[in-house]
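Listed next: structures, encoded as structure tokens.
Presented sequentially are two complexes of chain A, the first with chain B as partner and the second with chain C.
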Partner chain A sequence: MALLEALSGAPGGGTEGVQVTFARPMPVSPSYFSRQPEFNDSFVLVQDLARRFGRLPTLPPGQAERVAWKTKEQYRLAIGEAVKARDYAACIGLVKRLHQIHPDLMPEEVKQGIRPFKRDINIYLNTPKLMPVDRFGRSHGVGKRKSSIARAWLVEGMGEVLINGKTLNDAFGRVHDRESALWGLKSMDRIDKYNVWALVEGGGTTGQAEALAMAIAKALVVHEPALKTPLRKAGCITRDPRTVERKKPGHVKARKMPAWVKR
Partner chain B sequence: MASTNCWRCLARPSQRLLLAPASMTAASSNPTSAAFSTSTQLAARSTSGDTGMSRHIRTGKRLILGKKKRQGDKHKTPGPGERKAFRKRIQLSNDNALVVPGLAELTAQNVVDPGAVGQVVGIPVDVVDQLRTCEAFKSTQNWGLFRSPHMLIRKETVDMAQQLTDAVAKKETLRMVVTGDRGSGKSILGLQALATGFLNKWVVINIPEAQELTTAATEYSTVHNSDMFSQPVYIVKLMQAIHKANGPILSQCRVELDHMQLPISVTRNMSLAALINATKEPEFAWPVFQAFWKELLRPGRPPIMFALDGLAHIMRVSDYRSPAFELIHSHDLGLVRMFAEALGGKTPFPNGAAVLAVCSRGNAPILPSMDKALEQAAAIQAGAKAEEVPLRDAFYRKYDERVFEALRGVRVLDVRGVTKHEARSLMEYWAASGVLRLRVDEKNVSDRWTLAGGGVLAEMERVSLYDIRATV
Partner chain C sequence: MIDSPLLTGISIKARRALAAPARQACLRALSTQPTPTGVADLTDPILQPPNAQTPQPPSIFTANAKPGTRRKRPAAPDTTVQDYHRALDLKQQLGRVGSRVERTYRPADVFLNPPGPKDVTLELLMASQAHMGHHTSLWNPANARYIYGVRQGIHIISLEQTAAHLRRAARVVEEVAYRGGLILFVGTRPGQTQIVTQAARMSRACHLFTKWTPGSITNSEVILNGMQMQMLDEHDEPIEGFHRHLNERRPLVPDLVVCLNPLENYVLLHECSLVNVPTIGVVDTNTEPTWVTYAIPANDDSLRCLAVVGSVLGRAGEAGHLRRLDDAKKGSVAWQTPLDVQKFMEIERQNAEKDAMKEARNPGHDSLSNDGERGQKKAAADSLSQEFPQIADFNSSSSR
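What follows is the complex of A and B.
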């Protein structure tokens, strides 16, 4: 396409008086014959923009809108060129610097210039839906672990726990499971401040206990948002992604092979 | 294994057969019995040392190549019944535990005092002896962790003791069933009721394990001219326990009736203690016990406390069989029927009585009849109208009418977890005894209380005392 434009544009671009012996097709991009023309163009443009607008006032660090930048691999996939890591790092550094320019003064060229480096979907714009404490004072949280799903409702109270309508000792025979179910409350010293009413299904006891830990921690965060970081450190917020590995054909289990038999 | 031919006797086996029978061992002529046996000594010698006769005499001179043979385990294996005795032993004191000073003793007053709720009290020594005699202590309870037996007075204790003493004071009969979750302290509540009985000088009869009566573990025999069966050996044991635990009270009462039919001679000036101690013969046990029971039910006798642990076991068809090889219902066993009639309100107690049945949750058959009967009793107790009382399942055929009879109109005491206040004083006692190495503050107490499912006592012990992790 660029080549066709160059063909049609080349005679028009010349002055009237000049005798053109023949029209030679010229690529639009000077880096057409390099192996990574699109990246080179962008890089040159970014460098140019950085030179021109580098002195515009910037926002204090951390205040610019969070943008999900493409990683090197994502950029390579998007434009289909083998971009060198060093070049991409240099380029993305400049892009991030340009992004710091104060949004009121941000020229349109810069916006266009850094666009190819943004991911299509800005994950930082995804905000979780807020689950407020309802009019009965309950907060709700959902947690999963292995194949268990737990839903927990927390109200302020004295530390009473009902899980599927059963007391904690009926629901979990092992003391370890009881502790891990209430780990969010226990590690935050909140056991005697809330009552828990929870439903769990699926999986075994360990999975249910740890699903409950997550559900209770999330419900606790609704009551006290400041506890989110300590709860994350206590390991209650992040979903543990490990599940049962699937069985494969030719294997006895996921990895186990049948015993070797001589013929 | 010893060789077949005798090494002392130089005769070859073939020649040995030709020898005169007189020279053979005496045992061979009379193989069925021996005056004494050395087999145990020999067995002991063969296990204990290598100087046994069974090995070859020239063992020491034999060339042994290769590795030395491993000797068997040197330790002594427990004898028959020793393991069970160890498992079932009841240890009521522990010298390693610290003395907890400043605790009150259980009295007839503070067991009914609502102000004493949440106190840990010691059991008086003589009551401990009486309770031990009637087997109120169980091997599953942790008495052995502490210096001397103490117990927590909880709200249910005071409530129950109040009901017991009120009924007895009015010469009424309190028929009560203690139910509750597993490990919530039902048996301890039963023990507290027995202690109340002993402190108030009632005649206390306790059947510590109803299971022993109905699982065909003790001997039984038919009773002449009746459809009942008696369990003579158990009754002898029970009578001994009653005599030992209630001796002073029973010795103040005289026999008032003529017991002509009794195989032993009973005179009017005998005391009841003498009556119950009169026989150790299993054949006479049941008539004597019946006579004792009749005497106890006469007006002017001390009040009776009749308690049983493991109610569900006597509410089913027992494992015994009649001469026609049909299974016997538990209520056809004499002692069980006596208790069932007392619990069902059929026996009149003119001096006031407390009939207490404690359920167990860990070891109990599933009985829809009993569950339904207790459900109905609880509903009636809660003041439900006649139409609100839960109905029986119309599609269940196997309801046992005798169970409903035996549980008609009983009071139901549902035991749950303790309150945080009670849990705290219990944990303070544990800490003072040195078994709980933890600061007892509000945070720790409520942690344990919650982990124990809302103060379920056995779980509290499990969570606090059997915590293997180091605590700060």
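What follows is the complex of A and C.
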């Protein structure tokens, strides 16, 4: 608009209008002729900062605020340039070193310079949502094992158990499954102090039983947080990550190869 | 004799007497809690419902439980900042005490206090190893005129030639910067990044420390498509209103290329020669000097030498830039607007005149002939109607 005003003012001999007679196009970034101008500008800045402020006192290792840095792919997506892995590794190494500077002594330009390499959301600041005991005295826990998902609600009571509306003996035929479903309560001597009402779906009996154990243990932790460590030692808190391995092409099953034939 | 009933009776009693306290001792050693009996206490849950007392974890866990925090808190308060400031104060007070060591070489000096064209001396060039050429068997005979002699199997470059050519190249850079040209400093070997970026920063130029993409000059419409440009006036202030032109125009081509390692950048120099872009290059004894327009015979394998060359040329560019701005303040501008920009400005001027004529012909029809003004008014009206819906209603009803 300034140009139009200036131009329209020019033929009329306007006294106020700024006359643009000289204009030359120039690059915005000094890295105009490189393929990654934005990254190269950042990289040059970070190198410069590391040179100038690399000797400021640092925090002892492990004391600095934990920051989620962008991975190479995330950075590439964010700025839309095909940054080389080696260059990004060199740059992020300098950035992490700059981040070690004592926060009370860190200059503002360092904070600005390393900002493009931080993720928008710092996942390390996330805190798990607390699920307190509700007004009916119930605590809720979710557990998984293989492809089973269990939800359990625990109320203080006499040791009654209902799983999908059935009693424990009806729900699980095997003694071993009954034992593992209530393993958290049993190992903590709490079998006769809580009533369990649970829903399980998916998977087979073993998976359902062990998913229940996890759900009940998590619900028990809500009632008695001090039991978390013993329950973890009893193996009820940790999710067992083993699941069915996928079948691969060229294999009969996940790993089985077809029989070798001579011809 | 031994199996007499008396003795057996005594021995059994003694065994019992010995055994009983031993069992208790073992249990005591294992736990301080009352030991649970094998039979579950059935009366307990009925008599004592769990909400009557706060449930405690089983004794085996409380006995072995670790403290809640594993990390040890630092006992002493953090005095890093105070220590740092004290150290700075002490250094300020005591730093100059003691003997002074003169004439030390610090590699960062050339970046902290970059030498300009006037600081080019044979001593400086010699100190920065500009005279060291390559093995005599590797030489390019076209460089014979730059070679002073042979020593210990390598060619020695004549530093008088180096200084003269460096000063000439500095003149070229200064004049190109004075005329508002676009200079590109190229150094693609590892370690040349700082040299190139500093030269570019001083002379407001471009730098390249990564691979030259072949075709960035001869195929620039494809390679440099979408790179950000801006329009500058004679005071180097950005001008608004050229968005359409900047989106449509061809990418920029450098007006001068300074190459610190011509051997690895033959493609770049060849492209420059195709479109008549002058080039400056550091030519070692094994380099072909005709690849570049203005050769600087010097050692291109020494970063120290290249830092001197780069800072001299950067200072020259800075001088030209400052001279251009000074002259612009005085009213004399040594460069002309490029032809395509002139054309765009002429078209815009004609369009503005046409709009003015239209407005003069029928002023009552639509007083807002200008798209931009109309847009602004519309936006203002929209924001008004958002804030005060009654006004919007009133406006619409009155227009009806």
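Simple rule for what comes next: the second predicted complex is superposed on the first by the 139 of 263 C-alpha atoms of A that agree within 3 Å, B and C clash if a C-alpha of one lies under 4 Å from a C-alpha of the other, contacts with A are read in each partner's own complex, and residues count from 1 in each chain.
Following the convention adopted for this analysis, a residue touches a chain if its C-beta (ideal position, glycine included) is under 8 Å from a C-beta of that chain, and two chains touch if they have at least 3 such contacts.
Predicted, not measured: the structure shown is a model, and the values here were computed from it.
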item: Contacts of A:Gln74 with chain B and chain C, given as first, second, both or neither; value: neither
item: Contact breadth on chain A, by residue count: chain C or chain B; value: C
item: First (chain B), second (chain C), both or neither touched by A:Pro230; value: second
item: Which of chain B and chain C A:Asn40 touches, first, second, both or neither; value: second
item: Chain B versus chain C as contact partner of A:Asp192, first or second or both or neither; value: both
item: Partner chain in contact with A:Val28 - chain B first, chain C second, else both or neither; value: second
item: First, second, both or neither for A:Val161, with chain B first and chain C second; value: first
item: Contacts of A:Val175 with chain B and chain C, given as first, second, both or neither; value: first
item: On chain A, positions contacted by chain B and by chain C; value: 158-159, 189, 192
item: Parts of chain A lying in touch with chain C, wherever the complex brings them together; value: 1-4, 6-8, 10-11, 20-37, 40, 44, 47-48, 51, 56-57, 59, 87, 102, 104-105, 156, 158-159, 188-190, 192-194, 223-224, 226-227, 229-230, 233
item: Contacting residues of chain A [partner chain B, same complex]; value: 158-161, 167-170, 175, 178-179, 182, 186, 189, 191-192
item: Complex contact set, residues of chain B against chain A; value: 181, 183, 417, 420, 442-443, 446-447, 449-454, 456, 459, 462-463, 467
item: Contact set on chain C toward chain A in their complex; value: 45, 49-51, 55-58, 61, 65, 80-81, 83-84, 180, 182, 184, 193-194, 197, 200-201, 205-210, 212-213, 216, 224, 227-234, 239-242, 246, 249, 252, 254, 333, 335-338, 341, 345, 348-349, 352-353, 356, 370, 372
